[in-house]
Each structure stands twice: as C-alpha cells, then as structure tokens.
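Taking it in order: structure first as structure tokens, then the write-up.
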Amino acid sequence: MKREVLAELLEAVKSGGVSTSDALEQLARLPYEDAGMAKIDHHRTLRLGLPEVIYAEGKTPEQVAEIFRRMADRGGAVLATRAGAEAWNAVKAQVQDAEYHALARVIGLRERHAATLHLGPIAVVCAGTSDLPVAEEAAVVAEYLGVKVSRIVDVGVAGLHRILSQREALAEARAVIVCAGMEGALPSVVGGLVAAPVIAVPTSVGYGAAFGGLAALLGMLNSCSPNVTVVNIDNGFGAAYVAAMMLRAGAKSA
Amino acid sequence: MKREVLAELLEAVKSGGVSTSDALEQLARLPYEDAGMAKIDHHRTLRLGLPEVIYAEGKTPEQVAEIFRRMADRGGAVLATRAGAEAWNAVKAQVQDAEYHALARVIGLRERHAATLHLGPIAVVCAGTSDLPVAEEAAVVAEYLGVKVSRIVDVGVAGLHRILSQREALAEARAVIVCAGMEGALPSVVGGLVAAPVIAVPTSVGYGAAFGGLAALLGMLNSCSPNVTVVNIDNGFGAAYVAAMMLRAGAKSA
Amino acid sequence: MKREVLAELLEAVKSGGVSTSDALEQLARLPYEDAGMAKIDHHRTLRLGLPEVIYAEGKTPEQVAEIFRRMADRGGAVLATRAGAEAWNAVKAQVQDAEYHALARVIGLRERHAATLHLGPIAVVCAGTSDLPVAEEAAVVAEYLGVKVSRIVDVGVAGLHRILSQREALAEARAVIVCAGMEGALPSVVGGLVAAPVIAVPTSVGYGAAFGGLAALLGMLNSCSPNVTVVNIDNGFGAAYVAAMMLRAGAKSA
Amino acid sequence: MKREVLAELLEAVKSGGVSTSDALEQLARLPYEDAGMAKIDHHRTLRLGLPEVIYAEGKTPEQVAEIFRRMADRGGAVLATRAGAEAWNAVKAQVQDAEYHALARVIGLRERHAATLHLGPIAVVCAGTSDLPVAEEAAVVAEYLGVKVSRIVDVGVAGLHRILSQREALAEARAVIVCAGMEGALPSVVGGLVAAPVIAVPTSVGYGAAFGGLAALLGMLNSCSPNVTVVNIDNGFGAAYVAAMMLRAGAKSA
Amino acid sequence: MKREVLAELLEAVKSGGVSTSDALEQLARLPYEDAGMAKIDHHRTLRLGLPEVIYAEGKTPEQVAEIFRRMADRGGAVLATRAGAEAWNAVKAQVQDAEYHALARVIGLRERHAATLHLGPIAVVCAGTSDLPVAEEAAVVAEYLGVKVSRIVDVGVAGLHRILSQREALAEARAVIVCAGMEGALPSVVGGLVAAPVIAVPTSVGYGAAFGGLAALLGMLNSCSPNVTVVNIDNGFGAAYVAAMMLRAGAKSA
Amino acid sequence: MKREVLAELLEAVKSGGVSTSDALEQLARLPYEDAGMAKIDHHRTLRLGLPEVIYAEGKTPEQVAEIFRRMADRGGAVLATRAGAEAWNAVKAQVQDAEYHALARVIGLRERHAATLHLGPIAVVCAGTSDLPVAEEAAVVAEYLGVKVSRIVDVGVAGLHRILSQREALAEARAVIVCAGMEGALPSVVGGLVAAPVIAVPTSVGYGAAFGGLAALLGMLNSCSPNVTVVNIDNGFGAAYVAAMMLRAGAKSA
Amino acid sequence: MKREVLAELLEAVKSGGVSTSDALEQLARLPYEDAGMAKIDHHRTLRLGLPEVIYAEGKTPEQVAEIFRRMADRGGAVLATRAGAEAWNAVKAQVQDAEYHALARVIGLRERHAATLHLGPIAVVCAGTSDLPVAEEAAVVAEYLGVKVSRIVDVGVAGLHRILSQREALAEARAVIVCAGMEGALPSVVGGLVAAPVIAVPTSVGYGAAFGGLAALLGMLNSCSPNVTVVNIDNGFGAAYVAAMMLRAGAKSA
Amino acid sequence: MKREVLAELLEAVKSGGVSTSDALEQLARLPYEDAGMAKIDHHRTLRLGLPEVIYAEGKTPEQVAEIFRRMADRGGAVLATRAGAEAWNAVKAQVQDAEYHALARVIGLRERHAATLHLGPIAVVCAGTSDLPVAEEAAVVAEYLGVKVSRIVDVGVAGLHRILSQREALAEARAVIVCAGMEGALPSVVGGLVAAPVIAVPTSVGYGAAFGGLAALLGMLNSCSPNVTVVNIDNGFGAAYVAAMMLRAGAKSA
C-alpha cells in the first residue's frame, strides 16, 4: 500500500507532474516508519509464519472472540494465551476450526496449509505437576510455531534419578525450556546435563517465602550453569517464542 | 551456691530462727531465675562439654584476647569465630595453647582432657571454592564440639557427577551441612540423596541478583526436599552448633 | 525389574550370547540411575517406614482421592497435607481406613502393622492460638512418622510464665518444633531453655508489617540462640519431617 | 518582639495614625506564623528546658564546633549526637565546659544551673554488648533531658534469667527503652514484664538476613506485647527524646 | 493460691513434717514462675483496671462470643477488636450489656463501677476520612482504658490550615495518636506542633506505591520530629494501649 | 467573612470599645490560618476554576452521591474518580446533568458556563490497550480541567513505528502524559521525541515480576530522558492535574 | 546533507537516470532516521538553547575535561554534573571561562551571548541543610537553563513556621522543586501551599529505615497533594531540567 | 579408565572368574556417574571447543595465575573473567601467549590451531558508555567462543535515531546481546526491530532507585517484546555463553 504511494509519487516526478522540490518536501514529511517499520514487521511475519497472539487475560470473552475472528479472517494462524473456558466458548462459536488446549489455557487456529513441525526438537521440562500449566503453555505455543516438542514432566531435583533417566531426550534437544517453582533449582541441573541453551521459566508455584515466584526467579538468575537465561514468572509463552526464534535464527546461520 | 542459700533458709525455718511468713516473703522475692536458670545453663555446659564462644566481629583484638584469656583460665574449651589475623595475634600472645584456623577465621582452645571426636560423622559440603570459608567455619566448629567431619568440596549442581561421586561419604553422614551461594540449589539435591537431616547455609557468594545471599536463602527455604532446614546467611557456626545438638539429642533418644 | 535386566545381560555375557564389547556398550548407555537411584529411594522408604505424602493444595478433590487410593493399594502408610473438607470427603469415599485431622488439614492412613510411637519425644510449641493449624500439621505428621509428640500451646513471649511453666516437658524433648507468627520471637526464647535442636516454623499469622510471615521468618533466621534452624513459612509438615529425620539419624549414630 | 509589633500597630489604630482598612491589610499579610509558631517553639524550649541538638553526622568537625559554640553562647544546654573523636576535638577547643561521651558519641554541655535528674526513672536495656553504643546514646541523651536512667546491659532472650533477674529495676521504670539487633525479640519479652510503655530501638547489629536492622525493626513492629512502640534503626536519641516527652506530658496530667 | 502452697510447705518444714533436704528439692523444682509471673500479671490487671482484649480476626463469631461471655462472667471489662457485624450479633446474644462500635469494629463491655474518663486528655488525629476506622479503633479503645479523647478528623497536610486550626485541642493533649496512610506525613507535622509524645499509626490506605501501608510506615519511622514513635500498620488498638500506658506510668512519676 | 471579623475588631479598637491589650490577646489567639489559609485555598479555586474531586474508592455509592450532590449544589464543577457503575447509578439519580465516563471510571459535572478547552493541547499516550483505563482517567480529568487532549493509544516500544508515526501529534503537545505497565519503557522513548515535559504514569498492568506496577515505576524513575517525571502507579488523575497545573503556571509566566 | 542525497535522487528520477522502481527500492532502504531524527534533535537544541550535559560520575577527570573542551569548542553552553574537585581541576586547565559550583558539584560554561534569566521564577526548596547539595545542583542547573531561581533552605515540616514564612516567595514561583530526605513530607506540604506544579526530589539523606532514599521516594509518590511529581533519588539535575521544560512548553501555549 | 574397569569385569564374567550375581552386585554399586558424567563433560568440551573459564573475582592474583597456567598446560583455550590488572600481571608472567582485554577485564589464551570466527554474527549492543565494560566482556568472550561480533555502542532509547541507524547491522545478527542499566528499556526496543533472540543483560549502572541494577532487571523481565530473555546483572560472560550455545545448537538443527 504505502509502497504504492511511493511508486505513484516517483512516477509523478518522472512525468514532471510533481517538481523535485515538492517531492523532496513530501518525502521529508513522509511518515516513513509506517512504511518502513511495518514492512519489516510484515516481512518478519511472512518469513517466520508466526501466528498472531492475543493475550486474553483482562479481556472479556466477547473481546477475545471478536479479535480472534478478525485475525482468522485474514487467513493466518492465530493464538490466544491465558484463555479460560468462557473465552473458549465465545471463540468456538465464531471460529469453527479453532482448538482449545485446556491445561495450557491456549486457543489456537492453525494455518490451513501449515508446515509440519519442522524445527527442533526442543524439550519442555517441568519440575512438578503443579508447574504443568506453564509447561503446557510453552509446549503448545512452540508447536504452533512449528517446533517439535518433547515433554518431560515431574523431574524435580529432590529425586535426581528422574531427570537423569531423561538424558537421552535432553541430549537430542536443540533448546530446553525448564519450568520450576519453589527454589527453581532444576534449570541449573539441566544446564549441566545438556550442550544447548536452557530457557528457565520461574513459576508462581509454592507458598510462604516463595513470594509468588520470586524465589525461583532469583535462583534462576543466579544459576551456576552459564547456559541458562530467564523469562518472566509463569511466562511459558515467552519461553516458547524465544526458543522458536533461536531455532530459526540458528538455522539461518548454518 | 544458690542452693546453699536455700538450704540455709530452710534450716533457719526448721530451727525457728526465721518465721514461715518471713521465709515466704524471701522465697517470693527470690531471684530464683538466677539460681534456676543459671543452674540449667551450667548443667548444660557440663553435660555437653560445649566450649564458650566469642563472636569476634566488631570487637577489638584486645577485647577478644582479654575475653579469651579469662575463659581459658576457667579451664574449659574456648572458641572465637569471625576472628581475623589481628585478633589471632592478640590471642596467641596471651593463651599459648590456642590454635588458629585461618580459612575458617576461628581461634580455638581445646580442653586439656577433651574427648576424641565421638559424635557423627557429619558431612560438610560446599558448592564452590568461594563457599569454603563458611564451610570451614562449620567444619572446624563441629570438630571442637566433638563431631567427626567429612569435608566435600566444590560439588555444585552444574556438574552433577561431582556430588554423585560422593554418595558413599554422604550415606555415612548422620547429618549434612550444605553451604552454597548464588542460586543455593545444592541442599535440595543433597536432600534427595541422603536419609539424614540437611542443614542448609546460604552464603553471600555471588553478585547482582544474588543480593548478598538473599537468592540462596530463599531457594533453600523453598527446597522441594523436605529434610532441609536453613540458618542465616554465612552462618557456618550456627549450622555446626545445630548439627552437634542434633547428634547429642539423638543419642539421648536411642 | 531393572535388576532383572542387568542379570539377564550378565547371563548372556557368561553364555557368550553377547560379546563383552557389546555388553560394555550397553552398560555405558544404561540408564543406570533408574535402577540405582530408585533403589536408594526404595531402600530409604523400606528402612524408614516413611509414608508417601501428597501435597493437596492446588489439586482437585478427585485427584487427591485417586492418588491416595493408589498409594493405599500398595499397602504402605499415606499422608495428604493441606487437605480441606472436600478433599477429605473424596478420600474417605475411596479409602475406608483413612482418618482426617481437620485442624491440621491432614488426611492419614496408617500402615496396618505400624510400629507404635517409638521415636522422640519431641515438643511442638505454638505461640498463639492462631498458630495452631500449623502446629497441628507438624504434630500430626510427626506422629504418622512414628514420633511421640508433646503439644504446648499458646505460650507467646509476652507472658513468659507460660513457656517457663512448661520447662519440664521441654527438657524431655529430643527436638522442639516452635511455630510462631508476628515477631517470631518464641524460638529464641525456647532455644535458650533447652539442650536440643529447635526447628522454627514462621507462620503467616499477623497483619501489616508482618508481611505474610516475613517478619517472623527474618526474626527466626537471626535468632541469638545458636540451636535454631528455620523452615519455610507455615511449613509444619517440613518441620515434622526434619525432626523425624534427626531422630532416626541420631539413633543410627548411637 | 513580634508581640510588640502588634501592640504598636493596635496603638496606631487607636490613635488614628493608621486607618482600620490599612491595619486590616497589614494583619492579613502578617507573617503571623513567624510570631506564633516561633513563640510556641520558644515557649516549648523554655518550659521543657530541652537543650538544642546538633546531628553531627555529615557535618565537618569545624561546622559542628561552630554551631555548638554559637548555641553555647546563648547560655542554654547543647547536645551533639553521632559525634566522632574529631568533632569532639574541635568542640572542646571552643567550648571549655563541654563533655564527651565516647561510647554514645555524644558531646554535651549542661546548663549552668540545670535541675538535677528530676524525671523518671527509666530503664535503658540492651540485648547484647554490640548494642551498647545505641543504648548509651539513649541513656546519655535522656540524662541531659533531666531523666534518671537505670542501665541494664546484655540481657538477650537466649538466656532469660538475665532479664528476669532485673525485674526489680524494670518495675521501677516509668518507661523502658529496649535496644536490640538481630531478631529484635527483647522488647516483646520486656513488654510482658512491665506496666510501662516500652520504646523499642532496632539496631543494625547482625549480619546476613538481619539486613542492616530490618529484621529487628519488623520484629518490633509486630510485637505481641501491646505496650511496645518503635523508632528508627539505631535511633537511640529519638527513643530518649520520646521517653522524656512522655514523662513531662504525664507529669502535666497528674 | 500458689502462695498458699509455699506457706504450707514452710509450715511442714517448721513442724518437721518435711525435711529441709526434701523441701530444698521441692523448691528447686518449683514451677515458681507460675506463681511469680502470674502474680505480676494479676497485679497489673488489678492495678490498671485494663480490660481483657480479644483479637477477633480469624476467629469464628461463635468463638468470639464464647470467649467474650466467659470473660464477662469474671466481672471485669472486656474488649474485642477487629470484630465484624457477625461477631457482634453472636456476642450480643450472649452478653446483654455489651456495646458495638461499628466504625471502630470494637465490641466493649464496661466494668459495672468503672471510673470515669480520668486520664488524659489525648488527641486522636486522622489524615483522611479513609483513615477513620483505624482512628476510631484507637479512640474507642482509649476510652475503654479510661482516657479522655479528643477526635480530630480529616486534617491531612495538603491543606495545612486544617491541622493548624486545631492547635488548641492539640496543645491540651498529653499524648497524640496520629493515623495516616499514603505518604504518612501528618505525624511529623503534628510532632512539630505539640510538646507531647506522638504515637504514629500508619494505615493501609492508599494504592500503588503505598504498598499496603509500607510507604506510610517508612515515612513515620524517618520522621524529622524527634517525639514520634510508631506502631504496626492499622494498629489503632496498640496506639491506644501505649497512650494509656504512658499516662498511667507518667502519673506514677509525678 | 473572617475579614469582616477582623475589620470589626479594628473598628472597635479605633472607637475605644476594645482596649489595645485586649485586641492584642484576641489577635494572638486568632485562628488566623482559618482565615489566611482558607482564603488562599478559596482564591486558588476561584482563579483556576478547578472542580472539586471525590476519590470514590472505598466509599459507598450513597456516600459518593451525597457528597457529589452537595458539591453540585454549590454550583461549581465536580469530579468523582475511581467510580464504578453502582456509584454512577447513585449519582445520576441525584444530579441530572452529571456524565459518566465508564472506561475512565470518572463521573463529571461541568460548570454551567465553563470555558471551552482553552489550555494545551497535551497528548495522553498509552502503551497497550490494557493501560487504557488509566489513560482515559488522565484524559477525561484533563478535559474537565480545561485542557485539550490528543489521545494516542497502543504504541508500545516493541513496535517503534507506532509511536514514530505519531510524532506530529506529539510535537504539538505542551506536555505529554505517558501510561505504561510491564517494563514501563515508553516514557523514555517519548521523552527523546519531544521538547516538552513528560509525566509518566506506571500502571499495574503485567504479571509476575511486574510486581503490581513496581517494575514500571522503577523503570520510569530511572529514565535516561531527563524530561520525565513520575506519579504513583495507576494515578491517571494526578498526571492530569499536574499537567493542567503546568499549563496554568506556564501561562502566567509568559 | 541527507536532504541533498534525496534531492539528487529525485533529480535522477526526473531526468530518467534512475528508474522509478530502482528509486523506490532506494527509498525503502533509506536510513531516513539518520536525517530525520537527528534534525529534530538539532532543532530542539537550537530552539531551546539547552547546553549539552556531561554526567561526570564514573568518568576520569581527563575524560570529563576532554569532552568538556570539545563541546566548548563548538561554541555553545556546557554543563558537567556530579563533578568533584579533581574533575574541576582538569576542566579549568583546558577551558578558561568555565566556572565551578562546589556545593552543587556542577561545572558550567555559559554561552557568550546567553540570554539573561528570562524564564520563571521557580523556587528550589530544601528540607534540611544535608539536602543542600542536591538542591544546589537543581538551582545551578536551572540557572544555566535560563531560569530565575529563588532558594529556600532548611524549612523541614517539623517546624512549620519556617515554610509558612516563605509563602510569598512560593506564591511567585511558576514551579517549585522540593528536595527532602528522611520521610520526604515537605513536597506534600508545599503542594498544598502553591498553585503550581511541584517537582519532588527524594534525597538519600537519612539512616536506618530511610533505606538510601527509598522512604522519601515512596512518601513523595504517595503524596496527598495532587500537584506533585517525582524524579529519581538525588536527581537535582533532572528536576531542574523538567522545570525548565515546563516553563518553555507553558510559554509556547500562552 | 572407568571403561577399562567395566571391560575387565565383563571379561571376568565371560571367563567365569566372577559369577553373574557377584557382577550384578558390583554393577549396582558402581559409581557409574564418575565415568558416565565426566565422559559427557569431556565430550562436550571436545565437541564444542569451549575454553575453560576462571571467575577471577575473589581469587588472589597468584591463584588466578596458577589455575590459568595449569589449564594452559593442557593445551586448550583458557579464559579468566573479572580479572584486574594485578591478576593480569601475575598471569602474563606465567603464560606468554595470554592476552589482556582491559576494558572487558578478560584474560584469554587462544588455542594454537583455533578455528576462525565461524559462528554468528551476533550483535553486542550497549545503551550508554558506562555499560561498555559489561558489553566488552560479552563481546570478547563471544569471540573466544568462535562467534563473530558486531559492536553497537551508546544507542540508548532517549535518542531513537541512534539505534534505528544501526538496523542493518542488527538485521544480520543471529542473536543480539543488549546491555543496559538505569531503566533497561533498550532490549524491548531492539526486540521489536529484529527477528532474532535478544539476550538482555541488566547492568548496575545508575543511582538511587536503580537499586544496583534491579530496575533494569525488572524492566527486562517484563519486556513487551516476546523474544527477550534475561541473565543476571552485569553478567556479560553468561550472555555470550548462551549466544554461542544457541548458535551451535541451532547449527545442529539445520
């Protein structure tokens, strides 16, 4: 669109319909970033095939359904995170092909001719069963982003044999997402077992001095394994997004 | 002493030298706790053979030396913790038999006829070499309290094989003291490996979001291993004291 | 099970059915920790007779009941902590012999031929009546772990005679669990009265600058009594578990 | 002075030298607070005989000496708190009758015809010897404010007999200042022993999770003894000032 | 009671019915503090005429009513703080003469022959109308403790003329309780206006960076007026108790 | 009014009806601030035409309606902030001309002959749609204060082209209010784009380590753009008030 | 420069030397922001006459002097804040006309033909003498920015008459900067006295629970005066910059 | 080694020298993790060619030099981070080929036949010149890990044109490391400009409410750009390590 405007202007300059000095003024005042930046954004979406994402928390079911439907109409993939049952009911009434992942609280719509899971694999690891909703948000989102996911559940550090018995699955992973609440020690342990980046997700699981995930967050930021990075508390979505970004960017560099 | 005063008073009542109502008054006003409480304290020291302890931080070398000498004159064991080289120079000029443990910053004087290390063994574990001073404070103090100590050094969770290779030493321990800074994950891992109480000592090792030991402290308080308890940041002395107390109290119950 | 796999492999080596170099490869890749670590875990449970524990918070009544029933079917003791009335209703419909301790919010099932209370005694002390639920969680759990418990209630430091009048019960205790909210001063006072380890449990009782138990937690971590260790806020279960661990470990060392 | 200005104006109105409307304007613009408020301040100082106080921290020795000398010249009592040896050297060179209280870090000058210690007595209690400088600041300042002080030292709650043996001194006190670091439990215990207000002073004594006095501060704010109030960390001066204020105000109400 | 036991023992010693050595043993084991400390407590209640106080928060209406009735039966004054409408309904069904102060959330029962308001006066000041419930808790409790109260409402520092116009009432006060949320600046301003102790009560009024009263609490602890002390957030009861204690203790010293 | 009292007194002095010394006493005791300060307040309202503002949070709908009606009766403009639907229902039943701004949660009543929007313009910018309620509170309040407002919505820094495309609107603004939650980065970016003061409003939008707006608040306080100032979390009202004050004060100085 | 490039391109299009599609590509890739944004920046500096500012903290004296000299060579005004004596010595050796404001720690160089102080006046108020360096930084910087400044010193809220006596100076101010440490109450009080925006600067003055300026910062953010905004702790420079920005922006709107 | 032991055992089983049941026992007790885990570690180092890293902070120059020399003797690459000039002097005296990067405080030794920079490129971006040491630590470490680095300096968000003019360099980056102190807003802005993972490094640059990097840390954790992850404050090393890990793991998946 913007591109067309530019083309028209240039044609007018060529044809003499607009003087170069007038054109110069127009270009100097051009809200270029609308064109330029949006183009980049557009390019990125096209190249990466990333679905658009709705953060459903704090929106009414009707709002979520309306936005979802509009995005679906544009034909690409759509995701809504932090979506409860009511939001799901509203969405499915409007968009037939949408799917609901209840534990992950994610509503998704795949592109019609979406590629298979062609990136990864990654592992999504969680310390306890209470961390599962966050881990599932990460796993489901990663799959919508085209990443193959291996789920490893309930492998907290108090019983090391549980995580140690998963070393083969971990060894295959190109990136590992580790979700843990309480003391948040699992990323450090996993970080020592793999030759891949570890994306740590502190969860709000715990009580008392867990302070809503603060203990796990601080633990992960201070990890003695140097291959650990951290995202916000309960941010399974962000971890999946970063993992997909890593795989795509890494693929480019090969 | 106090006991004698009481005995005298009762004799005086018996002989009629003091009326019962006067005795009643005296007893009601008796600073009983001086007798009673001090006696308990005295009993405890006698029974446990615990040395008296000086916290040297914030005292001048002269003050440390003076207190140390007075305690030594009473004939029992003496300990000074958080004692630097200057305090040690001051003490050794006054008390010939004292010994200095530089890394632990502990000055000690053993009882002349002290029992051998008859309690334990315990293990004192530390995550990294930077945690060593705290671990040594724990180990040295425990030994002065009659506990046999097995030292396990530099076994942080980023390389699990290091702690796993120490399982035999851990299995023998009646209690385990674990010192760790940064994310403080080691106590949870050790807690899962042993059938003994774990006393976790967060250390101030780390930087940035370690916040002077706060991250490790919160991590340990939220340990997913239920056999973990926690003492103050850098409090190696307290951990050793509690471990000795456990072993003595446990011995009583056998 | 795993053991059988190993035995089979060795027999095959002996019989020549598998070459030593092939066996070597298999052993090198063996997920040994499944065997080894699980065995240790198994050993520990057998040796200590510890019941399995379900943390009911955040689980549906149905989930708690289902897990409880499965564990009960295996014949050992079972505990569920932080269990409300609804969880209890779900469990008792499935497991006839289960018992509910409403104040402690603990559901328990004793082993059929469980030993009597053969460890301890310990004292469970609480500062105010509001701290009772946490104290009862500790007391009930300790009893399920085979520990004899002496309960001492409402002995806050603002009226010292209350705790002083309990000195005999305290003197007998092999370990003392002290639950207190607000300023959390009771463990320091009790620590000075006994020659046993004190496990301090900060509670979330209080308001304003109590900050959900933070004030009590910090107070206990800074206790001037060196025989005090600390567990997480409201963690009555953990305190009982540590106390039982101490007594067992101590018994071994006798 | 100001009063005179007002009187003059009114006389001028009466004599017709100033019209009422002009006087009205003058009165409306009158910086009354200069008169009124300053008068109150003046009255307060006169009535209470309170010395003027210099907070020496962050001032050069020369500045402290200069301000001290000027105040001394006006003939009343003067106090400088948080004053080190250098400030003292500077002051004594200028004001002959000044006295230095090294432990309390207070420089004082008594009024020539100052009343004897006619208020109180109060007790100034400190938990450990490290709290002594703060306690001495409180005690010395209280004495300069005309209050009789009974010092009670090293009576921390880990050895209750120490504070219990001081009950007589405590019983006589009209107010009790309690200085304590670490867990700050002593004010609660003292609060339960006396029928007088307790002014709690948290000190920065401690390490690790003491967080520079925060643990003691929170503990004292959450005291289970309802007769406890709190001042800032290490604020011995403030505690003494409040105690004096209480005694004076109380005296008025008798 | 206890006293009688002692008297009997002494008579038995005198008469020879008990040997002095047996008596010595009994005395050494005597739970003296039961006698001694309880006596003090008893004395204090008698001397001060303080009603017993129930903290109703976290208790069921039935529990509050039951405790209230029992205390009322003993004939003295009774107070329940933090009591909602339901607790009040339960209490009034059991204790006819009880009164409810809805804004203050206090239930009270006066002693039949209670003295008139013979102490004070004090002023209870609050910054905004939202602080009123805390201020009323302070005012009502103070009145039950025999203190005459002058209420000063809605005099926040953003409109100084409001507090300045109350200077006469403030000047008469023997102590001033100041309740303020948000930035908590009012106690400093009041502290500069009066020659009496100021008891500052931070309230949880505010939002955002008020952090539930933390901003007001820190402000009050750092007051530049030296006659300010602080109690816990929303602790109107404590402020009233301390004020009453001051007046009584002050009266003694006159 | 007060002025009349003064005038009368002065006339009486002039006429001799009141002696100068009596007048002096009256003037010395005069609650001058009632006159003086209230006059200033009155002047300010008159001069600025600022409506009176009711903070509705924590008040019952009836209370809000009652206060609103009384203020409306006095004939000026009235505002109620943080007002929900129930408060609105109560107000509109009493004050016909009131208007409700649902998203902003503001109830307003314009002065009958109110000036048009004669100040500004300012821009009110918000980072995301979740920040809209706070931004609308700011925008609506500013308009009631006579300021022309340009709304710029959903221009978070993750897509710079959105804010860059609004540079013309920003360039016209005499002041910019920027509302942002999460990391709160938008004010810094806007600050670099404009030659006007930026008033940053952190919002409580976010989760986890957003800590209820703390992350945004700290970010804004540390802004690398020197033209940024900050108000409390979610304080749209305050930002609008400050902006209006700036424009009025600036206008004066021209 | 950039403009020329554009002009050239357009001429080439016109002359047919570049095809419109090639020109379109070039325009789409144009690093427009280099031209556009920098131009805006340039415009802003020219229009406002703002000096360039060096933050000297963390730079060596040589670095400060070198940057200062280069800026001075370009002929405009220059400021260096947080500059100690050593930085000053280095600067004055290189730039003869520079001036040093020791208390403010500001080095300045005025433009040769700088306008007189043509904006304002503003008032810079500080609560205590310890806040003076921060207040002086604000005052000196404001003067370099062309603002007339009225200094009001040592008017803390504990003695209200001090600030009340300055009401005339305050009333003239178009904006007021208030610097205060400890409880930070002064901005609320000043905010109530003036009809102008108040820029509050919390200072790190204080000890204990002042927590390095946190208490003052929170107090100011929660000010009950709605015309108060806040900048970072000790950020006198920022406050002055914002005040100047307000006055310039306000002037535009007149 | 360990492998040999296993081989021997298997041969003995085959030859009948050891019974299968005895072999089973030996295998069950085998400290397998020594072999297995260490082998993995070894493999990882071989495969990735990662140098060994010494954290020099808290070690004496002699200790750093000694460890460095030993590692160098083994022939591989070596890195020491947080190394000051004294550590460098000690190292260069022992290891001739070592190099010092003063700004980054890194001492490095390249492998003799090290590969060229074959991974990447990545961009290392820093907000201000004060963040340079952290950014250089990241850049230098990344280069030692075989990653090509593009440095982008001083592009803080207050002047957007600076970062926007670097879009080409950013677009080429496979991963972007962003170092920023103060409000830490730069990663969000960069995150919106690139289709690559952003590793955010909060720095301790700033003062007042920056709280040693906490403000930047919280800002980054709450980034509205979903491709942002975070490491500890000032942890340039960790960011580089993660970036290298990403590129290697990504390369594998291509």
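Labels A, B, C, D, E, F, G and H are assigned to the chains in the order they are written; within every chain, residues are numbered from 1.
Keep in mind that, in the parts below, a contact is a pair of C-beta atoms (placed from the backbone, for glycine too) under 8 Å apart; a residue touches a chain by one contact, two chains touch by 3 or more.
All values reported here derive from a predicted model rather than from experimental measurement.
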* Given the pairs B-D, C-E or B-E, which one repeats the contacts seen at D-F for over half of the pairs? -> B-E
* Asked: Taking contacts as defined above, which has more of them, E-G or G-H?
  -> E-G
* Structure fact -> CA centroids of chain A and chain F: separation to the nearest Å works out as 39
* Asked: If you average the CA atoms of chain B and of chain F, how far apart do the two points sit, in angstrom?
  -> 60
* Structure fact -> Expressed in whole Å, how far the mean CA point of chain C lies from that of chain D is 51
* To do: Would you please write down the residue numbers of chain F that are in contact with two or more other chains?
  => 33, 36, 159-160, 164, 193, 208-210, 214, 217, 221-222, 232
* Asked: In their complex, what parts of chain B are in touch with chain D?
  -> 31, 33-34, 36-38, 41, 57-58, 202, 204, 212-214, 217, 232-235
* Residue ranges of chain D touching chain B (in the complex, touch as defined) -> 130, 159-161, 164-165, 205, 207-210
* Along chain H, where are the residues that touch chain C in the complex? -> 3, 6-7, 10-11, 13-14, 16, 20-21, 23-24, 27-28, 30, 32-33, 35-36
* To do: Can you check the complex and tell me which residues of chain H touch chain F?
  => 127-128, 156-160, 164, 182-185, 188-189, 191-193, 206, 208-211, 214-216, 218-225
* Which residues of chain A touch chain H in their complex? -> 40, 44, 47-48, 53, 119-120, 174-175, 193, 195-197, 199, 217, 221-222, 226-233, 237-238, 241-242, 245-254
